[in-house]
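The letters A, B, C and D name the chains in turn, as written, and every chain counts its residues from 1.
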Amino acid sequence: MKEVINLPVKNIEEEEYHINMGPQHPSTHGVLRLVVSLQGEIVKSLKPHCGYIHRGIEKMCEKDTYPQIIHLTDRMDYLSAHINNHAVCLLVEKALEVEVPERVKYIRTIVDELNRIASHQLWWCSFGMDMGGLTCFFYGLRDREKILDIFEESFGSRLLHSYYTPGGLMMDIHPDFQKNVKVFIKYFRKKIKDYDDLLSGNVIMQLRTKGVGVISKEDAISFGMTGPTGRGSGFSCDVRKHHPYGVYEKVQFNEIVRTEGDTLARYLNRMDEMRESMNIIEQLIDNIPAGDYTAKMKAVIKLPAGEYFQRVESARGELGVYVVSDGNKTPFRMKFRTPSFSNLSTLDYVSRGCKIADLVAIGASMDYVIPDIDR
Amino acid sequence: MDTAALKERILGLVPEATLVENKQFLTFVIPAAKMHDLALKLKYEADLAFDYLFCQSGVDMVKTLQVVYHLESTTLIHQLELKVETADRENPVFDTVCDIWMTAEFHEREIFDLMGIRFNNHPDLRRLFLDEEWKGYPLRKDYVDEVNIVEL
Amino acid sequence: MAFSIYDFTSFNQSIDKLLYDSLPPFWALIIEMTIIGVVFLLFYAVVGLFLVYAERKVCAFMQNRVGPNRVGPYGIFQTIADFIKLLMKELIYIKNADKLLFNLAPFIVIIASFMAISAVPFAKGLHAIDFDIGILYVIAVSSLGVVGILLAGWSSNNKYSLIGAMRSGAQIVSYELSVGLSLVTIIILAGTMQFSAIVEGQANGWFIFKGHIPAFIAFVVFLIASTAETNRGPFDLAEAESELTAGFHTEYSGIKFAFFFLAEYMNMFLVASIAATVFLGGWMPFHVSGWGGFNAVMDFIPPLIWYFGKTAFIIFLMMWFKWTFPRLRIDQLLTLEWKYLLPINLVNILVMAFMVLMGWHF
Amino acid sequence: MNSFFQYFADIFNGVKSLLTGMKVTGRYFFSPWEIVTQQYPENRKTLKMYDRFKGEVIMPHTANNEHRCTGCGICETNCPNGSIEIIQDKIDMPDGKKKRIIDKHIYHLSMCTFCGLCIKTCPSDALAWGQEFEHAVFDRTKLTKILNKPGSSILKDISE
């Protein structure tokens, strides 16, 4: 095919006042650089520059065996590490047509949802902090600590667990796991009211977010905005509902969709998701069936040649894993479709015409994790 | 639309499309020149309505370079996988689909960055992750990494 | 009256007399000025250090933390250690900064707050200057600080600083109105602009009780507007660390940064003490007319304690605001002023004037 | 007129929401028993990590200085980032055969990602997680550890 050569796009017009937000900036949640052209306080356009922590996970996967890949996926979206692990595990199990024990499915679902709550808690902290309410940050972290303690007791680490393995789990849950989770849910149901009192209902917060950064449903779908972000625009995209995995088919839960498409809708979606996750956990926690914690797997896992795709609902949206296998023990090509990556691509479109403060609020409501973008 | 009907429909639109064996999705290899037209039809024709491009990946198949499109219709709930290939490793070029699915803008930049596949009519085709001065395309199979950072 | 034992007037006058008797008038004046200057400087340092410590402890407790607890018992020497660190830090000179203005800005900010504090009465007879137009003077002088902030933002040659400075300019110009008008409400009630007279006028009841509804509204408006004027709390747009990294003082380091830092806390102390003086009776004890015994007990509490207690209460309120609320956006900040505070204030002044005319106050 | 009332309703609701927020922070301010932070170096004595805590990879030794490692090298191949190096040794058995034993089990803590694959795949359960978490050192070479203690030997029942 013949190449059509476009003239190089002028990066930023000379006469515009442009500032670099990042790579070191408190509100970019990591090393993301946004070149923002301003007119006074108003954002005219914005160019994200990624890649400051690009580690080439996709390339590294090509030399790793499937069990080894698990620990790399932890490091993509480190706030929902379990869910990333789950995606790869499900993919390998699907390719090998392994049926994992029910117990594993239950535990994975519970742990995923706990991880989702923990991730949303951290999002709430940083959202509050980006809005200028620093106290939110400490409340969110205080409650997240409870989940991390449960994780640490059961899986040995607080952030990067590598707990799932293809075919099952690394080890069985701790005997106190169920009890602690129930204690936590009781605790957190009380504390989430504080969240609402402190931030959700606050008039300043409402003013800052209502009608800010609106994106329509069509655009949200076209941009591939998923997760609570996409569902804030009315895009029903919950993978747990549409392509169920784990034991999501067996539990009753609502897909939280709002149609306003603004920052407040995205905010409230996440708040509701925390409650919904607690509902899911409550339905499952007492019913974990007894059984083995791992299916029988071969020592060396080789995927049959072909291509596989697995979608899971990460805390930020739809996480897709695409693998092309040539029958070896390492993947031929591994591609992660990460939710933050797609969500970031909308930032320019959404934030045009907003103020700098709105840009920060929109960025916070998108909840992107930079290693998830850069991979 | 179920898989069989979808298959007929796609083959009706692009007779040259070749079916690829895939357990999960209905997969076609589309001639590169037809891809943009097909994409337009896929999105805007009411019985197809593939409005959601949930993944776009570049794959180096050693002999060829591929771009894989994973499409879903959020209204009709059906999925489709499309591939375009080129044997030209020196200057691989496809048409962009970022005017149809806006998410493709970043995905195509990523593919250009790591696979070296260029896209016609892309509004801002620059490297996304790596420096502008970076030599080579790391995800290609023939990429030589002098420092050997992956194995280190 | 019972609290005449706490009257500093005769004490001050005796020093004054001594100096003028033993020295020529010019030198006596110079020495008096020096003494006052040194006293204020020390006071300034102590209050600044204490406020920084208090803020850190208050916010820590609100956030379920312990706060500074390493340097000294309960971390009370933390701010001193911080201050020494700031003193010893390197002053980084920015290459393309306007050197003169860059160096001048922190001094303007700190001098403005220094000048304003001189008019505040701490106890009976204990104030540096008792102007006839004390309130007007304080309003005039305290708004000089914004010049320093604007200069800092402009001269740093940094885009974040400039945006921060511009925000701060817009903010202070608008909120100055509300601060002034809410004080005017009380001036109408008090009938004087002299601080000592205002305080004396509250001997039989603080103005916030005497002027009931309009005075309370004026108090709330003053509290909001003065929080905004000190660039604090939900109105810290000029700094806005999540948007503009540190706003106007991004490029400052070492002792110059400490000046901005200190000036912020001193401004907070200043507006709190004005609020305490004008609305809550300054050093005047809490009196309920008719309760003779209760009033006598209240009189035995020294006026300095009353004064600092009230100031501390208002400072606590301002810290409470800061550590609870998210930050406003610049347009909402101006909306709040021009659409809500200013109209309310103007109506409030009318109501107060009418009330004073009819004698409906206590 | 409607907007006139709306104006005051806005003020009222706004102030109410602000006071709700202040109630939360105020409540925590006056309840210092809810403080959750730990005083780390002071609580070192009482600080106990969870049993499963992944501090570092260790090789448990018995009282007789015996370990369970056969030196098979499975952990080395399974480690995703090359933080384990096995140096094997051959010894002469009494029956004349040569037997492979471990000489040095080198563990690079600085490269370890705590994925746990070495421990999971070890056929003789020679490795385990240690609870030590204070890994900060001034010299990077100190993070390279030899897991089998000097003079240690393999447990009898493993070697057979």
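In this section, a residue touches a chain if its C-beta (ideal position, glycine included) is under 8 Å from a C-beta of that chain, and two chains touch if they have at least 3 such contacts.
Please read all numbers here as calculations on a predicted model, not as lab measurements.
Chemist: If you take the chains that touch chain B and keep only those that also touch chain D, what is left?
Modeler: A
Chemist: Which two chains are joined by the greatest number of C-beta pairs in contact?
Modeler: Counting C-beta pairs in contact per chain pair, the top pair is A-B.
Chemist: Relative to chain B, which chain has the most distant C-alpha mean position?
Modeler: Relative to chain B, the chain whose C-alpha centre sits farthest away is C.
Chemist: In angstrom, rounded to a whole number, how far apart do the mean CA points of chain A and chain B lie?
Modeler: 24
Chemist: So, what's the distance in Å between the C-alpha centres of chain C and chain B?
Modeler: The separation of the two C-alpha centroids amounts to 63 Å.
Chemist: Could you give the separation in Å between the centres of chain A and chain C, each centre being the mean of its C-alpha atoms?
Modeler: That gives a centre separation of 46 Å.
Chemist: Quick check: what residues of chain C touch more than one other chain, meaning two or more?
Modeler: In chain C, 62-65, 323-325 touch at least two other chains.
Chemist: Residue numbers in chain D touching 2 or more other chains?
Modeler: Chain D, residues with two or more chain partners: 18, 21, 24-25, 36.
Chemist: Let me know each pair of chains that touch one another.
Modeler: By the stated definition, chains touch in these pairs: A-B, A-C, A-D, C-D.
Chemist: In the complex of these two chains, what residues of chain D are touching chain A?
Modeler: The contact residues of chain D facing chain A are 13-14, 17-18, 20-21, 23-25, 36, 50, 52-54, 78, 80, 113-117, 120-121, 129.
Chemist: Please give the residue numbers of chain A that touch chain D in the complex, ascending.
Modeler: My answer: residues 64-65, 67-68, 70-72, 74, 135, 142, 145, 152-157, 160, 162, 165, 170-171, 174, 194, 197-199, 201-204, 206, 299.
Chemist: Applying the document's contact rule, which stretches of chain A touch chain C when the two form their complex?
Modeler: Going through chain A, the ones touching chain C are 17, 19, 25-27, 38, 41, 128-139, 142, 198-199, 202, 204-205, 207-208, 355-358, 360.
Chemist: Residues of chain A touching chain B in their complex?
Modeler: 1-4, 6, 9, 50-51, 54, 56, 58-60, 63, 218-219, 221-224, 226, 235-237, 242, 306-309, 311, 318, 320, 322, 324, 333, 335, 337, 341-342, 344-346, 349, 374
Chemist: Of all residues in chain C, which touch chain A in the complex?
Modeler: 59, 62-65, 159-160, 163, 167, 234, 236-237, 240-245, 323-332
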